[in-house]
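Note that the chains take the letters A, B, C and D in the order they are written out, and that residue 1 is the start of every chain.
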Amino acid sequence: MNTIILIFIIFLGGAILTFLAGMLKGILKEVLFLASVFVPVVLFFTNISIGQTFSFQAAGFAFQWGITPLSYVFALIVAGLGLMAAIYAVSAMRNKDNVSFFYFNYILTIMSMLGILFSRDLISFFIFWEIMTWSSYLMVVYQGKDVQTVGIKYFIFSAVGAYAMLMAIVVIYSLTGSMMIDSLIQSFPGFSFNMQLLIPILLLIGFGVKSALMPLHVWAPGAYSHAPMAYSSVFSGALSKMGIYGMVIVMVSLISHIPGGHWFREVIAWLGGITAVMGTLWAIKQDDAKKLLAYSSIGQLGYIIVGVGIGTPLAMMSGLFLAVMHALFKGTLFMVVGAIERQTGTSNLTEVTGLIRKMPWTFLAALFAIIALAGIPPLGGFISKWMLYESLIGSNHYLLVIVIFFSSTAAFLYCYKFLFGFFLGQEETEWSHVKEAPAMMVVPMLILAVSTFVLGVFPGLILNPINEAMQTLGYANTQGHLWELSIIFNEWGNQIAMQPIVYTIIGIFLFFLTFLTIKGYKETRYVTTKDISSSGEVPKEHENLTFSMNFMQPFFRAVEPLMRRQIDKYYTGFANGMEALFDFTRRIYTGNGQTYAMYVVIFVVLLLLFKNIIFG
Amino acid sequence: MVGSPVLLIAIPLLAAFVIPLIGMIWKELVRIIPGLVLAYMLILSATLLYYVSQNGIIVETIAGWQPPWGINLVFSPLTGFLATLMSALGFLVWLFSYRFKRNVDFEPAKKYFIFLMLLIAGAIGIVITGDIFNQFVFIEITGISAYALTAFYTGRNSAEASFKYLMMGALASSFLLVAIAILYSQLGTLNMADIASKMHTMNPTYKIIALIFFITGIGIEAEIFPLNGWAPDAYTEAPGPVGAAFAGIVVKAGVYAIIRMIFTLFDIPSAYDFLIVIGLITLIVAETSALRQEKLKRMLAYSSIGQMGLVIVAFGIGTHEGVFAALFLMLNHAVIKPLLFFSGSSLVFNSKEKQIAEMNGLGKRMPLMAAFFSLGAFAIVGLPPFAGFWSKLSVLSAAANEGLLLIIVLILIVSVIEIVYYFRVVNRIFFQEYSREKSAAPHRPRVNALVAMFVLAIAILVIGFYPDAVTGILHNASKDLLNTDEYINNVLQLGQSLTR
Amino acid sequence: MKKFLVILILAVLGFHLFAAFSGLGFGVTRFEKGVKDFYLEKTVSELHVANTVTSIVVNFRGFDTLGEVTVLFLAVSAMGGILYKRRHHAGDRSVLFSSSSIVRSGSKLLFPAIILLGVYIFIHGHLSPGGGFQGGAIIATGFLLMLIAYENFSVSHNTLSYIESFAGIFFVVIGLLGFMNGGTFLQNFLPAGILNNLFSGGVIGIIYVMVGFKVAAELTGLIYTILHEKD
Amino acid sequence: MDDKLFEILEFGVYGASILLILIGLYAVLTKRSLIKIVIGMSIIDGGIHLLLITIGYLKGGTAPIFSPGYEEAAGQMVDPVPQALVLTAIVIGFGVTAVALSLIIRLYRHHHTLEIDEIKRLKW
């Protein structure tokens, strides 16, 4: 049997079997769950080669599945993160209700994401897209909190995006007579200008929703923070990348063929820039770690979109690299929050403090991820951000550089807040019972954290597949001179010169870490958080006086004008207005039979009066 | 040959007359016989459909007079498809409602099954007859059984709903008679094929006036916008399975009648545009009205009206793809909406008011019913990989092929509204807390009801995963509808002669 | 205000209807060769039925009549179903008429005559104006008269439903017999006889008699149901 | 029959039947009593039946019944088809009226009123 179809059959059958096994006691469902994620992923890595395709016909449409170099990069994210988060989930979701339902949706999500990447035709792309949407929706509402607001909001936005995409698909079908992505790319330059504009806009609405592009992002904070954390890591790490994947195809293969379409790229890049700034600012303001990470995800996706939007070779490369890195570190961070929430029962930064000694391994994973997120060398985040700045400067987007730089600096604030709030600071007696998370949760986190480090030191591991992907997209081959694209490599030295620098940085870092730790141990003086009598005020019992409260007050006073307008309010207002309007329209049905009879007579009379216009 | 199309009508009528007698012998037979009859109709129509797809249209004459003179039944791929669909659905409705309410007395129960059987027989009659006055008679049979079924429960406002339905139905039959009078006065014939072949000789003014009265008369049955005031009330107050039968069977017959008029009988091209406009208005008004409903069945009723609007839009596109999409929508709607009605009425079975708010947390108490309901909800809003997706896709691509982008936008916006109200209910069922005071008490549906729902659910999945299972039949049917000349020739020259 | 609006709308409707129908002409032939000419010819030459309306109702368009009978059956059943109440004492009238002795004796006298007239009309349905529906309705008026005149006059509900069902079954079975003998439903499989004889027209006469019985039983049952309706 | 009279008759018959339809519709649309509405529906039916019969009329035509010795008289007979249709339509109209009346009885049982404005519990 064809391996491609086998993978999907295993996924689907595994999902159903796991769901059914949920009715039994015992660990059968866990075993089935891991198997039905693990087996297809292994099959994917061993038996699938780029270019292998599988075609069939259904409902009068031609279907084709196969993997391209570009989708291979994203498939790496999905398969890797999916596998890690699956292992994590087994432990994290233990003793929860309806675990088999969680597993079912988890497998379907992984399947649909791989399906999106495998699709070479728009119909199966859309089908998998929608499966991904509803399975992730079921995860968002899984915990039953704010279902009617957050869940519905997520689904409405997804539906609007998906329907925009569906409209583009049917329009494409009517224009080309084919559903193949390749034939779309080939015949796109021949379309009329209106269509050339309409199709990318519609597609970008669809992809923009999933990748939380600025005016379409309002679903994201709620959805990311309401899903179980084991899922959120996939949600933010991999699922949002599906939007990026689609966006890459649209930006490179379609928009570059629009005559005079470069401003289109500018718009997208600027939207990405605004997304990055606003996401970061809102992230700083959050006290709940889940929300913080959710907004941070929006911001990071903004960077990626800037890279993809600018579209120069270096920018594209930085965007794709950041996409991979973001999957790794954001996946880790969501897992960390999940572990802390599981052990302490809350994810509020102002409540939990001083876990460094209780959960050292978790701290280590968080540390790596935060460093990567903040873009500090030697971890992967640094390289990608550097490349982004360089590409922006290289393509004369100075204003955008300032925006990105601002947001990137501001990101330090929430990184600090996250790390400090949870792990550092005073140890409260309230949290003295907290233990390290189970090994099955810690190991995936650490693996991901270490891989951010590995990719930071050896970026070639991931830059090579990205390079191949970019070649198929039509960028020039770097011919092995990959390293020369960025001055970080070619000015400061080549690969050989780079690594000593990295090692030096690591060495300095480790030195200071040891130094500070040892010094810190010596001079520690234990006081309670309430011990602030020196400032002259005696706090009351119920006042939360953790340092994380009103953490960045002065900063917010500075940026307040930026944050005053929330687009969410406009959406809510619009939705309420529409509901009121619709509530009014249903009053047509007055309940009086005579009125209905009157409608009939009026209908006839109108038709008779205007018969020549209507039927003439 | 296992039989002929006329048995689809004759057998249920015979059974309807026999049942009161047999009920005096053994009461249980009153419930069983309609099921047997419906099963027989299903087998008969399915075999005939197969026969027709192999050998061409069957034209059955009645009383030995050839088509322009006698009444004839036409069993073509289109009518056969609809008849098969209706009898299959009828059988499932019977299966579900077999002992639906155990506390109902014998006398009403007996009548319930007679009415149900005649409702389905009447709807099939509307579809397979080839004579406009005969169609009128069948519309009345369907109508009166529908009024009676709507008023089945004595404890509620069902009489009010039924009376409104009846008022509209009476107006509908009056308008139909006017239209028939005009047509007959001009052409001197009542046979559809004969009318179609002579239509070009008719004065255009009269043609249009006749069409207007036809559209109004049948539009009431087909739930076109300003004429559908009865529909939400009737769906709400009728028993759950009857709501399913209305949505799945009666409306389909009404839509078929309109479509037959416009596609075959009248040669007025602008009527297609009219269909699109009126269908869109129906779709939008119904779906927006459904958004804020408090009662489950009323919401389903509006949703069903909206779906019919979409079907009419798809027919109005008028191309082969459009007709195909419309038939596909009809099929999917006939499979999905009954599932929603069945599982929904099981969910709120023990509630008095049947409010949506009473469904909170029922997912944990009645997991299977809740799963069926959400499967139906997922399918009807057109999420892949369920049945509704393919029909929505084909509607949109049919519209896109004709360049009707505005229609696509409107349909998609309405789909979003549809998603909102269906998902609100699904959310309530699964993700909100069950409260003993406010939620409906759980109810264990009987095995026969479960079987009926299982069949529908499997149909949804099969169509969703393997749409080619049905597309062949649908393509044949849409070819059949569009080929007017062949219809006329077949009927007037007796088509495929019956070998018996 | 509302009435004005209604009158206005109806005036427009009436204008259009009138314009349409007066344009049609009155008492003229409008079409070249309609089905009616065929009916008028065949009813004499093949069916040997004098009353063309009957031959159309029962034979040419017999299927309509089957539907019509079903509608009537449905209406009566629906009435029973809609007005059904659990505690239903047979024999309790909701309306009590106090009728004078003139009415009583008169109706006693008239009742057989009315029944006879009804029977005559439906038996001769294929020869003269009238038929099953008309005859049945006349018989039902006879029963109505008796129900009005006598408070304790009652009809057995079971008998009525037997008649109703058997007549209906007979109709369909005749149709099916035609289906088996002649090849089409409701086909005339009996010899046509001689025009203007009582025994002519094959199954037409038989079916109309059945319709007569059925209509009589149904209308009587209907009156009976309403009379016994109580709050 | 002279032509003048015939013309008057033409307008009279069509006018009368259409007037009946309009009167019936007026009752259905404005009268508040359910019984009157049902009466209105019957009046509409009556008007339409009259209309149908009128359409079948042939100037100077006879009833479509063949008497002995007049077997060839088909040419002077009025159209029998509308008459057959009206026969069916009357019965159907009767059935609908019967159901409507029984529904009114049920409604009266529940609401103790016949005003249609007061019987609108199902709305929106």
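Going forward, a residue touches a chain if its C-beta (ideal position, glycine included) is under 8 Å from a C-beta of that chain, and two chains touch if they have at least 3 such contacts.
Please read these numbers as outputs of a predicted model, since none were measured by experiment.
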{"item": "Closest chain to global C-alpha mean, per-chain Cα centroids", "value": "B"}
{"item": "Pair joined by the larger number of C-beta contacts - B-D, A-B", "value": "A-B"}
{"item": "Whole-Å gap between the CA centroids of chain B and chain D", "value": "30"}
{"item": "Cα-centroid distance, chain A relative to chain B, in whole angstrom", "value": "44"}
{"item": "Centre-of-Cα separation between chain D and chain C, whole angstrom", "value": "16"}
{"item": "Centre-to-centre distance between chain D and chain A (centres being mean Cα positions), rounded to whole Å", "value": "70"}
{"item": "Chain B residues counted as touching two or more neighbouring chains", "value": "133, 137, 140, 144, 147-148, 151, 154, 159, 162-164, 167, 171, 178, 185, 190, 209, 232-233, 289, 293"}
{"item": "Junction residues of chain A - those touching two or more other chains", "value": "586, 589, 591, 593, 597-598, 601-602, 604, 608"}
{"item": "Residues of chain D engaged with two or more neighbouring chains", "value": "21, 25, 28-30, 37, 51, 55, 81, 88, 92, 95-96, 99, 103, 106, 119-122, 124"}
{"item": "Graph class of chain-chain contacts, one of line, ring, star, complete, other", "value": "complete"}
{"item": "Chain D-touching residues of chain C, taken from the complex the two chains share", "value": "2-3, 6-7, 10, 13-14, 17-18, 21-22, 24-29, 34-37, 39-41, 43-44, 50-53, 56-57, 61, 64-65, 67-68, 71-72, 74-76, 78-79, 82-83, 128-129, 131, 133, 195-196, 222, 225-226, 229, 231"}
{"item": "Residues on chain C engaged by chain A in the complex (per definition of touch)", "value": "6, 9-10, 12-13, 16"}
{"item": "For the chain A and chain B complex, residues of the former touching the latter", "value": "57-60, 123, 126-127, 130-131, 133-134, 141-142, 144, 147-148, 151-152, 155-156, 159-160, 163-164, 166-167, 170-171, 173-174, 579, 581-583, 585-586, 588-589, 591, 593, 595-597, 599-604, 607-608, 611-612, 614-616"}
{"item": "List of chain C residues in touch with chain B within their complex", "value": "16-17, 20, 23-24, 30-36, 38-39, 42, 59-64, 66-68, 70-71, 73-75, 77-78, 80-82, 84-86, 158, 161-162, 164-166, 168-169, 172-173, 175-176, 178-179, 182-188"}
{"item": "Complex contact set, residues of chain B against chain D", "value": "133, 137, 140, 143-144, 147-148, 151, 154, 157, 159-164, 166-167, 169-171, 173-174, 177-178, 180-181, 184-185, 190, 232-233, 236-237, 289, 293"}
